[in-house]
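Notes follow once the structure below has been shown.
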Amino acid sequence: MSRTVLARDPLDAIGDVADGATVMIGGFGPAGQPVDLVEALLEQGATGLVVVSNNAGNGEDPLARLIRDGRVARMVCSFPRQVDSWHFDAAYRSGAVELELVPQGNLAERIRAAGAGIGAFYTPTGYGTPLAEGKEHRRIDGVDHVLEYPIHADLALVRADRADGAGNLVYRKTARNFGPVMAAAARRTVAQVREVVPTGALDPEAVVTPGIYVDAVVEVAAPLPARTTEARA
Amino acid sequence: MSRTVLARDPLDAIGDVADGATVMIGGFGPAGQPVDLVEALLEQGATGLVVVSNNAGNGEDPLARLIRDGRVARMVCSFPRQVDSWHFDAAYRSGAVELELVPQGNLAERIRAAGAGIGAFYTPTGYGTPLAEGKEHRRIDGVDHVLEYPIHADLALVRADRADGAGNLVYRKTARNFGPVMAAAARRTVAQVREVVPTGALDPEAVVTPGIYVDAVVEVAAPLPARTTEARA
Amino acid sequence: MTHLHDARPAAATAPLSKTQIAARVAADIAPGSYVNLGIGLPTLVADHLAPGSGVTLHTENGMLGMGPAPDPDDVDPDLVNAGKIPVTELPGASYFHQADSFAMMRGGHIDVCVLGAFQVSATGDLANWSTGEPGAVPAVGGAMDLAVGARRTVVTMTLLTKDGSPKLVERCTLPLTGVGCVSRVYTDLAVLDVGPDGARVVETFGTTHDELETLLGLTLGRTS
Amino acid sequence: MTHLHDARPAAATAPLSKTQIAARVAADIAPGSYVNLGIGLPTLVADHLAPGSGVTLHTENGMLGMGPAPDPDDVDPDLVNAGKIPVTELPGASYFHQADSFAMMRGGHIDVCVLGAFQVSATGDLANWSTGEPGAVPAVGGAMDLAVGARRTVVTMTLLTKDGSPKLVERCTLPLTGVGCVSRVYTDLAVLDVGPDGARVVETFGTTHDELETLLGLTLGRTS
């Protein structure tokens, strides 16, 4: 059932990624970050990427190194600044990376809108703030709203706990975060999971991401540490 | 934890319902219909109701009898016409009930928007059809969209399989349908469940409707049949 | 897309039965597709999907991985399809609420949606929810979402009404379900592609291209 | 709302410590409330909620029923709060994805949201995400959603900056987080209500109404 592919390894799973592609990367800080898939993206070599992710890398994790290596032209995120986001900070200050700062709820809802076929929506979030400057707005039932558009992607990289052969995913605790909405918003979705179980082994009532949203799954029983520090010397 | 109330019986659960209230009723035909809560609404007596529900009653079920008894001023639904929707058909033809016919996906998304704080959204569904006449539209990325507004309610009546003491709900199979979005869209939500289990007995990963959306729960171990035919002696 | 009609030459020399139309639709559905089947004739398509085709059925009332009707003893009132008919659950199935289910449809994730129709226009407009009779109780269900949401929307219908009027028309006279949403029409007499460039004959059954043009009063293109 | 400050007369004669501010906020939270606590000072409020109060904590990264920090041995990297700090799960908890979590916040389902602030205006405008320094790396997170989404948004802060400038101001000079979204401000020197009619003193700590007006350069109303 389904056409979800079980990949041999993360590099096989991500496949061809074109220069200039828009890539969504799940996770909220380290929780739910598909570290091995982003490491594979580093290895794969695509450049000029637009990355949609809540944060912009921690320490020497693979997303931070994508930025360090000049592979990211633009970040769309809500909270790039972290105590250890030195690579993003430097790239932002030098102008090497462009930033679209999006309130986190708008980020989540715009990604959800892309997956759900919504053309645009009105939200009160951000009205009257610098982040809504230049955006259309209208008053609805006495409340000022801003018009926000969906965020689509070419590729979504997400991390879940388990997948079955149909590509259904279940997550673990707050590592669920952006995975389900990103999986639905991208033309192609790749999931890194702790374990692949036989089709039929997941409770259909508890499936969070139905397999229709998942193109490839790769089992990574022992993921890279979330804040990988690259060996130096 | 939480302030969800465990009610003694369905009438106690629905509480005071004002004349003219907007009431959402879950279910897709008989599946997931909160029959005992609607029966309680019949008994409670509120009139001039606006009912939001996918269908408009089957046979002599309590929703059909609400309509028969002139208690419903307006139906908002996608598919009122059923082989056995004689009470709605008669009320519609006589002008006793007003109908707002909404494409089912718009119905679900407008209800979802109410719960999610979305002021309005653009969707391609319905563009160029009689159901979009008089509505605002705009072309986004080459596709014509219609502007749709949220549907809020004073009360939502839903049916789930199990609840815990915190008001968390899980559903059963396709009886889930409108329950989760309606629970979030109403100022007050009442759930009829087959079984109430102790808080902590539901898997937090598998909760479908978090207790924050549920104001009262009533256990109905043996619900009324879905297409109740009233005794006519 | 696999065109299996070459394997069934009989079909080309006579009009197709409803079962044959359903089989013809099924033959065009790529293995591994996610498919939504409308109520009525489209439902028959499920019977013609090869077991190994890996096609997954979506039902808009909240399920992926829908299986066939249950044995009468195993009917579960909580497990029904969009026509409110009891169905079953296949391994790998999942349940979701109505907004998530329509998001799946409206977001373009369903590969093929098969619908019935009262009329389809040469440019792909669809009319399938209302006969426009005054006083009739209207009902639309998911028709408008299904029509415009799927990656590919196809229609199964007889080419003519019972009184012989064409259902494939220059312009729909009945209330529309969607504008320019239909790609292909499977009928008893022909398979036709419709779209911005008008209708084109893909295949005929017991009739000819010229006869079809006369019958429909339309100029029809040819697929090369 | 229960005003427990009558039970703590000492608080009225001296400025409050951060712990006392947190306790004062907690005293205003009705039993059974659903509450979201911002990063920093607001987080301390959790320590002052009575165990039997039935308050449920929401964290916008996808959880209701958040518990306190785990023992160091029980840290789970998949279970963190909005500040990415390890937390625990209480009985009755539930998990959901980011869009559902913000829908919960933005849809007005959270009773109280407690936030920190750089500035609050007398009419309830909030500035808490950017110091406006040129060249600084900006970051907003969920601040704007939290500010306007909750049924009631309150702020905890010291009333003055380290160099003695008021943080409660006629009009915010820093980039706004939300317009007219704050209802009440809890500070070391006073609790004040803010809104369309301007700021009103609810309670003072070690200062007087007149002294506050001088300190802030604002005319302050009185709650009757």
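Note that the chains take the letters A, B, C and D in the order they are written out, and that residue 1 is the start of every chain.
In the analysis below, a contact is a pair of C-beta atoms (placed from the backbone, for glycine too) under 8 Å apart; a residue touches a chain by one contact, two chains touch by 3 or more.
Not measured: the values here are computed from a predicted model.
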Count of contact steps on the shortest path from chain A to chain D: 1
Higher-contact pair (C-beta pairs counted), B-C versus B-D: B-C
Whole-Å gap separating chain B and chain C, where each centre is the average of the chain's CA atoms: 30
Separation of mean Cα positions, chain C and chain A [Å, integer]: 35
Centroid distance [mean C-alpha coordinates] between chain D and chain C, Å: 55
Multi-partner residues of chain B (each touching 2 or more other chains): 109, 112, 116-118, 123-124, 171-173, 204-205, 208
Touching two or more other chains - residues of chain C: 89, 95-96, 102-103, 105-106, 149
Which chain pairs touch, all of them: A-B, A-C, A-D, B-C, B-D
Complex contact set, residues of chain B against chain C: 28-32, 54, 78-81, 85, 88-89, 92-93, 99, 101-109, 111-112, 123-131, 144, 171-181, 208, 226
Parts of chain A lying in touch with chain B, wherever the complex brings them together: 109, 113, 116-124, 138, 140-141, 143, 145, 149, 170-173, 203-206, 208
Chain C-facing residues of chain A, complex: 1-3, 112, 114-118, 164-166, 168, 184, 199-200, 204-205, 207, 210-213
In the complex, chain C residues that touch chain A: 31-34, 54, 56, 58, 64-65, 89-96, 102-110, 149
Chain C residues touching chain B - in the complex, by the definition given at the top: 59-63, 76-81, 84, 89, 95-99, 101-103, 105-106, 125, 130, 135, 137-145, 148-149, 175-179
